[in-house]
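First chain A sits with chain B, and in the next complex the same chain sits with chain C.
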Partner chain A sequence: MNPIKKFFQTIADLWSLIVGLQITGKYFCQRQVTVHYPRKEIDPEINKTYRGHIELVASPKDPTKPKCISCLMCVSACPSGCITVVKSKPPKLSPEEEQAIKDAEARGEKVKKPSAPKEPAQWKYDFSLCSLCGTCIEACAVDSIQFSNELYVVGTSRNDFKYDLLARLKSQAEKRGPVAESKPEAETKEA
Partner chain B sequence: MRNEKLDLVTGDFYTQNFQKGARENTLILNMGPQHPSTHGVLRIILELDGEYIVRAEPILGYLHRMHEKMAEVKTLVQYMPNMGRVDYGHPLAWNWAFAGAVERLGGIEVPERAEYLRVISCELNRITSHLLWWGAYILDLGAFTPIMYAFDDRERLLDILQIVTGSRLTYSSFRFGGVCADINDKFKELVNDFIPYMRTRLPMYKGLVTDNIILRKRVEEIGYFSPDMIRRYGATGPVARGSGLAYDVRRAEPYSVYNRFDWKVPVYEKGDAMARYLVRLDEIEQSLNIVEQAMASLPEGKHIVDKAPKYTWKAPKGEAYFAVEGGRGKVGVQVVSDGGKNPYKIKLRAPGFSNLSLFAEASQGTLLADAVAILGSLDLIIPEIDR
Partner chain C sequence: MNGIATELIRIVVGLVAVAAFVGLNGLVLVYAERKGAGHFQRRPGPFEVGPHGVIQPIADALKLIGKQLFTPENADPFLFWLAPLLSFFPVLLLFVPLPFGPVLTVWEVDLGLLLILAFAGINVLALLLAGWASNNKYGLLGAGRAVAQSVAYEIPLLLTVLAIAFQSGTLNLSTIVSQQGSWPWQWNIVTQPLAFIIYLISALGETNRAPFDLPEAESELTAGFHTEYSGMGFGMFFLAEYANMIVVSGVCTALFLGGWKGPFVDGFWWYLVKVYALLGAMIWFRWTYPRVRFDQLLNINWKWLLPLATLNLLGTAFLMKVF
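Let's look at the complex of A and B:
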């Protein structure tokens, strides 16, 4: 390369640095793009479909109880085994009632023993194992599970992420208690 | 090596074997597994003569999670979340390769709208993958600011992808026979805003980084891969296209609806690190073109077939292979089923594994600092290489 060409090449090379600095200067004067979290939050519109940890869906009749029928489909569908559902036991009978059933059976009558309620006794969920895939939600027979939009979940120990979702549903229903109660009334009036 | 003073054999299996071939006047150095430029836990044993590399040997296995073995103890539907975790850069390509293989095996038809949604989300994900690489590569070469610009754009895209997939990094939104959710108006609005915005950002990237003389001096004529070498090692993706091989799975074996769109396969002949860099930046532009056309011609219909497989679904006996173009190259999944509850075997073909194997040969005789530039230009994602 001849010296004159080399000289102009060097000038062009140095110019590329100035172009870069111009861009940096331009963006330096513009508004900050960082969202300073505790003071500001991002647009809630885009978080509507965010898949946070799972939660139970309240039954339309009683907002403190889930739609869940303890079929355990979600437990067997979960690839990470993070759901534990314990079925309710049938109600305990008093000795007199038991005696009455035995007597009836001895007489050859068909007796209907009181069956266990369908709603679960316990619904435990370990968020630290969950991979948020949605297999349990797709497997649920009565649409009793959904993703919550909880974006800001923090904890200081592993046990903080072991949730009792029945208690969570109950406390949520109590929080917005009056609103949830007034809604069915309004619907019945319209109907 | 035997330490005479302590009367001990030092070094692990790999170091001891590597040392057998070493010259007497060279230095053996471990780069990684915690080296910042190895992007994870890749370990490279180097034999150095001064600052020049005589030999290099990549060692894998520090991030092995047995994804292939895990497939044997789960049903096909339950295995889907694993596909979001093989490659954190471009998980939707893995989603697609797995879903495609199972659909081919089970003969599941995918609705047209679902194919379009797959194209849109996969191409947006490709842009995030390339932006992540771009920022991290420039960071490896010593410039800090560009990653901030890259992450500004990437955050916008993650917001968009979050609407349709529900998560921000490890997506598992594809289902057998469609995708998990349909798009909403907010998604359309954000995508239509993003495409012209990103087109104004690309010239800015060019002015800020690509034309910068310091970058050009560091990446031009570094790490030359000949087309023959690419073929020998089976490298694909931007690495192959930077060496003049116009191989893109979307063009070579068209899948889904890619042949309905008008887009180019960017190819550079030079084969150096700069060529691979330029291929990736051009691919961002082409992905924007595809997304724009797909959004304009999005058909109505269902986003998933009516009888989508449940988690107890058993694939028929047989095997199927499906390959898609990921951000790093050809992503392939082979599913073998014996008709039982769980698949008999799933083989994952990771492009990064083939691309990394080029490094040992290409780095011979280069400076150590150039080796970092070569390693970065391969766009390695270690979890994908180890699987």
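Let's look at the complex of A and C:
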């Protein structure tokens, strides 16, 4: 490019400065997108794309109980050690039942002892340690863990971030309960 | 004797008024800058302190005043603390010849323009001292950049101002304003559009404003020459920067935009409106343009602004001689 052409090209390119000003000027006049948090909260529909701390998935039969089978795969997979799962103990037998089992064994019969239920007794989660890597979700054999879309996590002490996820699931189910019951009614009305 | 006393009183009262004006303007401009930054990015800007955050600058100022003044180890304490003072106090003098209104001038000086240009140069020295005395590599780099930049951008600034001086035949800002008319087509910007554009660009370079804010480029030099300053040490530089912005906008208004003259009713309000429009434009530029590289900065100056300003000056001189 010869120098004269280059000179005029540079002058012409100055137009891009005006274009830049137009763009920022346009943004200046547009509505703001900030949500003023303590006074307003984000639309929950948008919130669904957010990956917050982990939570338990309810079993299809009982929404207050998780799908979890206490296999402890998540506990061993977690690199931060933030999950604590306590297995349920087998149900205590009354003295008569125990006696009956002992008698049967003495007679040489094969007796089926009542086994422990699969569902966990406790499911504790320390969000202050979690790195949100999702390894527990991948490791879970029954897809009982998922990311919640809890955006507004606020606490005043470290203990506020130690969650009991079983209790959380229960309270969620209670909140959702009336909605789930009313839905079939609406469907029947339509039908 | 009586004459000298009244002049002295006028200057003292004027300087106090200027100091108050600079302080208040600092608050207003900080607020405008942060609100502008927010709105250009579709954010609200400061919002929590007071309604729409109007008290935010006062809270900031109180915080700055309350902070500890810290001198880094191995810094030269005398020069280190001289620099912010040297940066701020000469700026007050720059307001002296500015014609805010028909009679609203602290002191009408025949060589007003020369006085402004001469004392504006002290700011460079302050930045150099600040960077040098703080014994910090970022500070020193920022100071080096500040000197190279300010010295370079002063030349086209001077040349454009000279073109107006040639045209008006005076260095007195009040006289330059009174030679212009009330309506926009009677202002000097019509006869000197190129000088106006060059002046605006060099003014941005001279006041270290974005896109020419290399001396304090925060992403490269942490904070450049004022890295080591805390509390009001930093506050002084901050105030001085905003005061300098007002001065260059004020001079630009007087030279090119008809000063306090405007349609319908002349008065200081027109001056303030024009100054704040220019300041608004500077804020707009800051949040639009990316920072230039240092070689680009100097190329713009030496390869474009300086030759164009010189040609403009020669053309003006030729036309003034012929007609």
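The rule is simple: the second predicted complex is superposed on the first by the 136 of 191 C-alpha atoms of A that agree within 3 Å, B and C clash if a C-alpha of one lies under 4 Å from a C-alpha of the other, contacts with A are read in each partner's own complex, and residues count from 1 in each chain.
Criterion: a residue touches a chain if its C-beta (ideal position, glycine included) is under 8 Å from a C-beta of that chain, and two chains touch if they have at least 3 such contacts.
What you see is a predicted model, and the numbers here were worked out from it, not measured in a lab.
Applying the stated contact rule after C-alpha superposition, one finds that A:Ala77 touches chain B and leaves chain C untouched.
Of the two partner chains placed by superposition, only chain B is touched by A:Arg51; chain C is not. Of the two partner chains placed by the overlay, only chain C lies in contact with A:His36; chain B stays clear of it.
Contacts of A:Phe28 after superposition: chain C is touched, whereas chain B is not reached. By the touch criterion defined above, A:Lys61 reaches neither chain B nor chain C. Once the two complexes are overlaid on the shared chain, A:Cys133 sits against chain B while remaining clear of chain C.
Touch counts on chain A: comparing chain C and chain B, the chain ahead is B. Touch criterion met: A:Gly20 reaches chain B and chain C at once. For the contact definition in use here, the residues of chain A common to its chain B contact set and its chain C contact set are 17, 20, 23-24, 27, 33. Touching chain A in their complex are the following residues of chain B: 74, 77-82, 84-85, 145, 149, 152, 155, 159, 162-164, 166-167, 170, 172, 180-181, 184, 186, 190, 204, 207-209, 211-214, 310-311.
Residues of chain A that touch chain C in their complex: 10, 17, 20-21, 23-25, 27-28, 30-34, 36. Within the complex formed with chain A, the chain C residues making contact are 36, 38-44, 47, 284-285, 287-289, 304. Residues 13-14, 16-17, 19-20, 22-24, 27, 33, 42-43, 45-51, 76-80, 131-135, 138-139, 147 of chain A are the ones that touch chain B when the two sit in their complex.
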